[in-house]
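Some structures to go through are shown next.
First subunit A sits with subunit B, and in the next complex the same chain sits with subunit C.
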Partner chain A sequence: MIPVCRLADLPRGEAYRLESDPPVAVFHTDDGEVFAIDDTCTHQDASLSDGWLEGCEVECPLHASRFDLRTGSVDAPPARLPVRTHQVLVEDGMIYLALSEAPPNLPPCGVARLCGGAA
Partner chain B sequence: MRTVAVVGASLAGLSAARSLRKQGFDGRLVLIGDEPHRPYDRPPLSKEFLSGAVGEADLALEGDDEDLDAEWVLGSGAVALDRGDRSVRLADGRSVRADGLVIATGAAARTLPGSEGLEGVHVLRTLEDARALRDELASGGRLVVIGGGFIGAEVASTARGLGLEVTVVEAAAAPLAGPLGVRMGGVVSSLHALHGVTLLCGVGVKALSGRRRVEAVLLEDGRSLPADAVVVGVGARPCVDWLEGSGITLDNGVRCGADGSTDVPEVVAVGDCAAWYDPAAGGHRRVEHWTGARERPALAVTALLSGGTAAQQPPRPPYFWSDQYGVRIQFAGHAALADSVTVEEGTEADRSFLAVYRRSGVPVAVLGVDRPGPFTRRRRQLSSTAAAPPTVAPAAPMSSHGP
Partner chain C sequence: MTTTSLPESLIATLPGDYYTDPDIFRLEQEHIFESMWFCVARSSDLDKPGAFRTVDVGRESILVTRARDKSVRAFFNVCRHRGARLCTEESGEVRRAFQCPYHAWTYDLDGRLVAAPNLTKMPDIGRTEYGLVNVHVREWLGYVWVCVSDDPPSFEEEVVGDVVARLGDVEAIERYGIADLEVGKRIVYDVKANWKLIIENFMECYHCATIHPELTEVLPEFADGYAAQYYVGHGAEFGEEIKGFTIDGSEGLDPIPTVSEDQDRRYYAITVRPQVFINLVPDHVIFHRMYPVAADRTIVECDWLYLKDVVESGKDVSRSVELFHRVNVQDFDACERCQPAMSSRLYAKGGVLVPSEHHIGGFHDWVQARLGTRQPQ
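Showing the complex of A and B:
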């Protein structure tokens, strides 16, 4: 398990971006649950930890596809593939993560900043 | 309501069809589109598709296993609406009768009078436009972009990334002043020069020269810009000609209430062709943004299915994004309402900042330049205040100078 941060340092409604490869977004919902999914939207290079958290769903900050934090499933395109979910454990006030071993659904080289060209 | 026809099969039409099924409509659903394609995503056409980073399959808007149980009538646009028997007449002579109608015919790129038929002159709206422009840019050379708005700026950015020599010509003194205000329009437009693109402002285009193929762009101040290709990005006009004489009120698009309802029962309008009443702006506004085309149809469908009786939250404030030169620009709200604009994080000089637009101290818009996280938080705050918008007196000065 990877230690992420203290639960007390992640207020409800907020997200933490773990700089792993690929990065992981850890969400503390308004209801007090903690979930972890891949941080990168499966459609394009956007960070879901920057997204709009509502209940158990996060809306991509760019194009509004919504991902279910519990299952990783997406509601509607432009994103078409689910994000990976990761197992979360909260123990003694500390958030831990077990990274999924499934292959990630990373976006095609969508935003050119990753490719070094024009966007 | 046994049959609903959705006229327009792009994002707004598809979103309306999805909302109809989601909200329990189980009757006959017909989607009519003038293009031969299933719904595709247009924003990449000026960016990743144009650069070649993504292909046509990546543009599909429908999910792989999505089934709306709809009849698709593609490749023939609507030419008239007969109110008497509620039928939509198509260009190929067919007609579709429906009890309910969703108008989602979008907008068409404006062209430059006199440039028709000249090779090397492009607009960018459809997949065909984008294919043609992509092939053109592959030859390299000198590109002149007419219009410094978002489409023009994105095409300039992509073309520059492909190695072309690019000049952008903007008739207004400051580009993007409408959507962003004069000051921030200037800041965002300064990206051009930073990336080796020439931006000429405050000068109109007099004519294009060339016999069969464009050779130069002649400016009103007498200059001549040699060009191997020209992109005309001077806005779009709503595709509502087919509704002339139908009894539906048209005024720069289909005039709608704050839920997409028109003045004809059982007819709603969504997307780029629809001018919804916007309580925050105190008037009817056509919102030509992707997000509006995706979100607003749900409200319009609720209005359609309830006969306009359902109480509804107003739509979220208009939101759009643009990617230029690797910089992510995001905007939500109404710049024209603002009397001040303040940079609250970062600096304009670094082209990484968050700016908040206010009217009498109340936030009315937010601009993020490479600040997606803080931008989302501000956008969200803006949405919660939009539910109870500040009243705008009709006589209030809407500063033409902008913030």
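Showing the complex of A and C:
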């Protein structure tokens, strides 16, 4: 399990971006649940931790596709593929993460090479 | 240069090209509208977070909105990325953010850059540094005023100062509780005339007996041609038979209870330079904002404000609105009649002001001083 951050440092309604490869977004919902999904929208390179959290869904800040934090499924285009979900454990006030072993659904990323990121 | 001597009763107006020349209008945009406090909206037009309006202030498009903390914010309506106009609608409401329709740079209601494609791969882009650029903003009298200058003049000296110069003190306008009144009617006029013709018209009453028969009936002293804007602290008194400030002199609406006894049955008028004109009567307030569009075109937005109860109970304000609406139409017709002649060869050096209009000369001096075009005497 990977340690993420202290639960107390992640207020309800907010997200934490873990700089893993690919990055992971950890959400603390208004109801007090903690979920983790891939941070990158499957349509275009946008950070879902910058998105709009409502209930158990996050809306991509760029084109408004909504991802279910529990299943990773997407409600409507332009994103078509789900994001991966990751297993979360909260123990002694610390959030831990077990990364999914499934292949991620990352957006086409020619730009990443130009930006110096992973292709 | 030849000097024309005028009879003592007369002083000169501005030359005709001040009302037609796009270069002069450009100077006015820079040295007046972009340098001063400019009224852009009624606070209640931005009634909840995300409600917005876009307004041209001089050559700039300005976006005004209300943030989550209920404060009013104003920004240059320009995406920080490639300069696309962010909001193209005149008014509307966003749920959470303003998004550029070009590359989807996304800004929250505080103007902070919250998302953009590939943004996380460019961690050196400051979210505030590349957020929307703030414009100075104030709320007063229930209206939103902005100043697009980096170094705004004192709001108290300029805006409040113009009100005090006319009424004598600021308490006189505060007694009308304008921020707490409600818009009972709004009319927008598209006037094919230079903004200064409209201001000058508002400043004098030499025309009142000729073009405003209804107004002169309600305010008989207007027949002598001296406007409410000639004196300090003077309100024109209603005629003896007049019950209220209405088209036929019939009873008005519920009076504003905090208006003082000496303000009762009187009409006050104030010009707040460069583009606001306010009328005060015991039961309502009429609040004009002028939006100069071009040398020969001005949009005038006019609100009739009443006590909340009056508006909410659906009382009939039509006779009340009709009086000044008719005055507006009469005035703007007159301004539109002048505009074409401003480019006549005959008017190249301008016209003349009679004694009851001489205070307009002060407005002309002010315009020339701001533009730096004052002719050596």
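The rule is simple: the second predicted complex is superposed on the first by the 109 of 119 C-alpha atoms of A that agree within 3 Å, B and C clash if a C-alpha of one lies under 4 Å from a C-alpha of the other, contacts with A are read in each partner's own complex, and residues count from 1 in each chain.
Definition applied: contacts are C-beta pairs under 8 Å (C-beta built on N, C-alpha and C of every residue); 3 or more make two chains touch, one makes a residue touch a chain.
Bear in mind that the values here come from a model prediction, so they are computed numbers and not experimental data.
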- Task: Figure out whether A:A98 sits in contact with subunit B (first) or subunit C (second), or with both, or with neither.
- Result: neither
- Classify the contacts of A:C5 with the two partner chains as first (subunit B alone), second (subunit C alone), both, or neither. neither
- Message: On the A-aligned overlay, A:A76 touches which partner chain: subunit B = first, subunit C = second, or both, or neither?
- Response: first
- Task: Return first, second, both or neither, reflecting whether A:P61 touches subunit B, subunit C, both chains, or no partner chain.
- Result: both
- Task: Determine, under the contact definition given at the top, whether A:P23 touches first (subunit B), second (subunit C), both, or neither.
- Result: second
- Which partner does A:P108 reach: the first (subunit B), the second (subunit C), both, or neither? first
- The chain contacting more residues of subunit A, comparing subunit B with subunit C, is B
- Message: After overlaying the two complexes on chain A, where does the subunit B footprint on subunit A coincide with the subunit C footprint?
- Response: 46-47, 50-52, 61-63, 111-112, 115, 117
- Touching residues on subunit A, where the partner in the complex is subunit C: 17, 23, 39, 44-47, 50-52, 61-63, 111-112, 115-117
- Message: For a test of understanding, state which residues of subunit A touch subunit B in their complex under the given definition.
- Response: 46-47, 49-52, 61-64, 76-78, 80, 108-113, 115, 117-119
- Item | Interface residues, subunit C side, partner subunit A - complex | 96-97, 99, 104, 106, 114-122
- Item | subunit B - residues contacting subunit A, complex | 18, 41, 44, 47-48, 51, 53-54, 58, 60-64, 154, 157-162, 290-291, 294-295, 321, 323-328, 330, 372-373, 375-376, 379-380
